[in-house]
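Alright, structures below, take your time with them.
Here come two complexes built around subunit A, the first alongside subunit B, the second alongside subunit C.
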Partner chain A sequence: MGMKELIIDYVKDEYLEEGDETEINEGTPLISSGIVDSFSMVSLKMFLEKTYNISIPDERATTEAFDSVNGIISLVKEFAPGAE
Partner chain B sequence: MSDFGSYEEKYREFDWSIAGAELGYSEGTPLNIGCYCADRNCERGLGDALALIWESNSGEIRKYTFSELKLHSNACAARLAELGVAPGERVCIFMDRIPDLYFSFLGILKSGAVAVPLFSAFGEDALRTRMEDSGATAIFTTRKHLRKVRRIREKLPLLKHVIIVDGEGMALEERESVFSAEKAPTVESYSAFPAEPETPSVLHYTSGTTGKPKGALHVHSSLYAQYLTAKWVLDLKPGDVYWCTADPGWVTGTSYGIIGPWSLGVTQVVLEAGFIPERWYGTIEKFGVTVWYSAPTAIRLLMREGEATVKRFDLSSLRHICSVGEPLNPEAVIWSQEVYGLPFHDTWWQTETGSIMITNFPGMKIKPGSMGKPFPGVEATVLDADYEPIAEAGKPGSLALKPPWPSMFRAYWNSPETYSAKFKNGWYITGDRAHIDSDGYFWFVGREDDVINAAGHLVSPFEVESALLEHEAIAESAAVGKPDPVNMEVVKAFIALKPGYKPSPDLELSIMNFVRKHLSPLAMPQEIEFVKSLPKTRSGKIMRRLLRAQETGEEIGDVSTLEDD
Partner chain C sequence: MAYSDKARDFYQKELLDIREGGLFKEERYIHSPQGVNVDVEFPADSPPKKVINFCANNYLGLSSHPEVVGAAHKGLDARGYGMSSVRFICGTQDIHRELENKLTKFLETEDTILFPSCMDANGGFFEAVLTKDDIMIADRLVHASVIDGMRLCSAQRDSYKHSDMKHLESKLGQYKDARFRMVITDGVFSMDGDIAKLDEICELADKYDAMVMVDDSHSTGFMGKHGKGTHEHCGVLGRIDAITTTLGKALGGASGGCVSGRKELVEMCRQRARPYLFSNTMPPVIVAAASTVVDLISQTTERRDKLEWNTKYFREKMTSAGFDIREGVHPIVPIMLYNAKLAQDMARDLFQEGIYVIGFFFPVVAKGQARIRVQLSAAHEKEHLDKAIAAFTKIGKKYDILGKGKDDIIAMYGL
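Take a look at the complex of A and B:
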C-alpha cells in the first residue's frame, strides 16, 4: 500500500466514527474541518514516525502541515526521502 | 480602546444592581437569559442587527439577525414543550459549533429547562458520565454525533428524546426525532418560562482530582455578571464585531460566546473550523473583528507561526484583545503589543465562577504575566493554611473569593458534600495558588491539586486513569500534568503493563488512541512512560505527587508513607 492510501486509511479508521462515510482524499482538510484536532495530531504524528521510522520536530508539526494528506506526505518525505 | 477609568473608584462604588438597571430588569419580573439575549434586543430596536456571522468548515457563510435568533430559539423552546420536556429538566447539546447549537442553547433556556453543553469531541465514556449524572431527558445533536449517542443510549434510561437537527430523511430509531429550528414552522411569539433570578439555567461539567466530573449549576441571574464583565472587561459596545474562539462545550463558550455579547446586542463571529493560523487571521480580516477573546495556547501557536503571517493580513479592525484559560505568559503580552499593536488582556475565572473574576481592565496598566485585579463586586484574596487572608505582599497562598456574586455556581449536581467542601471560613476556595503584589495585582502560582490544565481545559487525572484501566494491556496507571510550552500542560501517563505485554510504539499508540476515543483528544496522553510499578503510599494509593514532581522538577516533599523507597 502506498503512503497516500496508508495515511487515508489510518485517518478513516482512527478519526472517523464507525459508519461515518465522510469522503477523505489527499486534499480533504483534516484540521480545519474538525476531523483531526490539534491534540489528536500528536497521535497522528506518532503513527507517521513509527511507520516511517522518522522523527518530526514539533515546530514542523504545524496545523497547516497536517491539514491534508498531501501536506502530511510532503512533510514525511522531507524526513524519509525514500518513502513511497 | 476605552479607558476603564479609576479602578479604585469603580471598585468602591460598585453594586451589582448596576447590571439590573442597565438591562432594564425590575424585581419580580422574569429574568430569562434566553429572552435577554434575543427578544430584548428586538424590543430595543436591534431586530435587524446581526447577531451571528457563522462560517462553516467549508467556508460557507451564514448570517442571522437578532429577529432570526429570537424566532429560531422560540422554535427550539416550542419543540421541547411539544415533547413534554418540563422546566428544570436537563437538556444536553452535543454538536459542533453550528448555528443550531446557539439556537438550541437559547431555546432550552426559554423553555425553563437547564442547558447542558457537551464538548463535541467527547468520546462515549465522557459523554455517558455527564449525561448519566445530569439525568438529561433530551439531547440536541447532529447526524455526525448521533453514533456516539446511540452507542450509550441503552445505559441512559432517563433519556427520552434525541433531537437530530440535521436528520432530514434519515432512518430513525426509537426516541429519535428530526427538528431543524430554521425549517420548523415560525413561532413568532413564545411565552418563555418566567425564570426567577435563582432558577437554574446552565449545567457545565468540570473536572476534579478525584471522582467523576462535577456539574457546576448556574442560575439565570448569572446574566448580571456576564453582562457587566462583557461590557467592562471585554469592552463590548454597539457596533462591535466580536469573536470568542472558545467552544460552548466549555464555560467560556457560553458565558462569553453567547450570553455576555448577546445580552449587549453585539454581533458575534463563530468559526466552525479548528485552529489554523491563516484561517484565524483571515476571519479577523474578512469580518472586521474588533474585539477578540482567545486562549494562551492559541496565542502561543500564533507566536510560533511568526510575524510574517500576521503581515499578510489586515488586522487593523482589532481594538481590544483578551485571553483566558490558563495564565498568559509575559512574552505573549509583549509579543502581541509588538505585532498587533495591542496587548492581550489576561482574564482569570473558572467554570464555577461563571464570569470573569480577576482581570486586566481596558486602559489599566498591564503587568505582563499578571492576572490583574478583581472585578468590582468581587472580593479576592489569598489564604494561608488556616484559611486566613495573607496580608504580606508577594506571599503565595490559596486563591479565594468571598461569596456570593451573581454568576457563582449554586451547586455541584448530585454532590452537595463536594460543593460544601469548596467553602472554608467564609471563602470560596478556587483550587489555584496565587500571590498579590504591593500594587494589588494578582499573580498565578500554580494549582493546589492534581488537576491537569491542558490548553485551558481541566482534565481529571482520575478520569484518564479510569479509562486507561479499561485498556486490555494496562495493570495500573497514573496520569499527571507535564509542563508544555504551548498547552501549559499535557497529559502524561505512567503505565505498568499486565504480564504478557511488552512496551512498544504500537502499544503506545494504541493506548493514546484508546483514551482519545473514550474520553476526548484533550485527555489523550501525549506521552507515555512504561514503568514496572507505580509509587504508592502504604495504604496502596498511587502517589501522583511524586510523579508530577519528576516532570516539573519540584521538590518531592514528604515521602515517608511511600511503599517502596
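Take a look at the complex of A and C:
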C-alpha cells in the first residue's frame, strides 16, 4: 500500500464514525473542514513517525501542514526522502 | 483616534458575514423572573408575550424559588453585596468555605473549590494540575469550555470518538509512557442529553492508571437516585478524580462553578488556577442562595423525582405523537429535524403557540443534525407538558413530519 492510501485509511479509521461515508482523497481539507480535530492531530503525527521511523518537530506539525493528505505526504517526504 | 476606518470596515464585514451565514445570535428580552411562565419580548420592540419556557437549564425549578430568593435577601443583609477582592487576599468569607464543604459532602468527594463560573473552573483546572509530561485524552464532544481549558494547558492532547470505549482504550495504550494520563469527558452531553459511560471509563482508568475528570454541569442536582450527578447514576461515586460543575443550571441558576475531587487536585487549583487567582470572588448573595439550594436538594429528592417523572412522561408522549427523538433518560430532549431551516421555522411557530424552544443547527451541532432541544424542569406541571405536546403535534402536522424518521424528513426538506 502506498503512502497516500495508508494515510487515507488511517484518517478514515481514526476520525470518521462508523457508517460515515464521507469521501476523503489527497486534497480533502481535513482540519479546516472539521474531519480531523486539532486535538487528535497528535495521534496522526505519532502514526506517521512510527510508520516511517521519523521524528517531526512540533513546530512543523502545524494545522496547515496537516490539513490535507497531500500536505502530510510532503511533510513526511521531507523527513524520510525515500518513503513512498 | 486609533479606531481606524480600516478597522471599522473589517468588523462590519465580519458581522455581515456572520449574519449572512445565519449565525447571528440575537438576545430575547425576558420581562419577568426566570421560571416556567415567562414574558418574552421577541422580536425586539414587540410587546412581551407570555410563553412556557422549555429552553432554560432550570432543571430543578429553583431559579426563582421563594426559599432561594429569601436566602439571597438574607445573605445580602448579613454579608453585604461585594467583596472587592480575589479569594486569597480578602475575598473569602465563612460562607464561601461553608458552601465548598456542603458541595464536597453532597458530591461525595474529598474537597471543593469555588470558581466564578464552571467555564472558569474548566479554564483553570488542567493548567493547574498537568504539565507537558502528561497526556489529556478527551471525548470529542466535550463542552467548549473544557476544550478551552485544555488549550491553556501544556500537557499533550488527544481525543477519542464520542463514547467509544474501544477507541479510548487504544488511546490509553498509546500513551502508557506519559507521566500522568487523564481521561476527560462531560457527564451528560448538552446537545443529545446522552450520558457518558463512566462505569466503563473508570474501569479503563484503573487498568491504564489514568485519572478521570468529568464536567457534570448538566447533571449535578438531579442525575442519580439522590441527584448527586452522573457519577451516582453510573455507580462510580468516589471514583472520579475531578468533577467540575456549575451553580448556574440546576443549582439555582445564578452563576458560579467549582472543581470538586481529590484534595490535592483541589489544593493545586487554589495555588495555581488562574481564573481563581485573578478573578473576583463569588458575591456573598449568590453564595448564600447556593448554600440554601444545596440544603434543599440534600434534604429531599422530591424535585429530582418530579423531573424524572416529567422527563419520562414527555418523552413517551412525544414519541407516541410521532416525533423522532433521541432515546434517553435525561431532561434534555432532542427533537430531531435534521434540516436547519425546518428547526428554525418550527421553533418560531411554537413560540407563536406559546411554547419557548430553540432550534439548534450547524455549527452548534454537526451538519445534518439540526434539532429543537427541549429542556424539562421540575417546575413544569403536567398541564405545561400537555400544552407543549399539543403545540408540537399541531406544528408537526403542519410540516407533515409526524411518524417520519430521518430519511423521510431529509427527503422532504433536505439536509
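Assume the second predicted complex is superposed on the first by the 84 of 84 C-alpha atoms of A that agree within 3 Å, B and C clash if a C-alpha of one lies under 4 Å from a C-alpha of the other, contacts with A are read in each partner's own complex, and residues count from 1 in each chain.
As a working rule, a contact is a pair of C-beta atoms (placed from the backbone, for glycine too) under 8 Å apart; a residue touches a chain by one contact, two chains touch by 3 or more.
The structure displayed is predicted, hence computed values, not measured ones.
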Ask   = Do subunit B and subunit C fit side by side on subunit A after the overlay, or clash?
value = clash
Query = Which of the two partners, first being subunit B and second being subunit C, lies in contact with A:D20: first, second, both, or neither?
reply = first
Request  = State whether A:P29 touches subunit B only (first), subunit C only (second), both chains, or neither.
outcome  = first
Message = Looking only at contacts as defined up top, I'd like to know whether subunit B or subunit C touches more of subunit A.
response = B
Query = Residue overlap on subunit A between the subunit B contact set and the subunit C contact set?
reply = 17, 37, 39-40, 42-43, 46
Query = For subunit B, which residues are in contact with subunit A within the complex?
reply = 57-58, 96, 121, 144, 147-148, 272-279, 301, 304-305, 454-455, 505-506, 508-509, 512-513, 516, 521-522, 524, 526
Inquiry  = Show me the residue ranges of subunit C that touch subunit A in the complex, using the header's touch definition.
reply    = 138, 140, 147, 150, 156-162, 171, 174
Request  = Could you please specify the touching residues of subunit A with respect to subunit B in the complex?
outcome  = 14, 17-20, 29, 31-34, 37-40, 42-43, 46-47, 50, 59, 62-64, 67
Query = Mind pulling up the subunit A residues that touch subunit C in the complex?
reply = 17, 37, 39-40, 42-43, 46
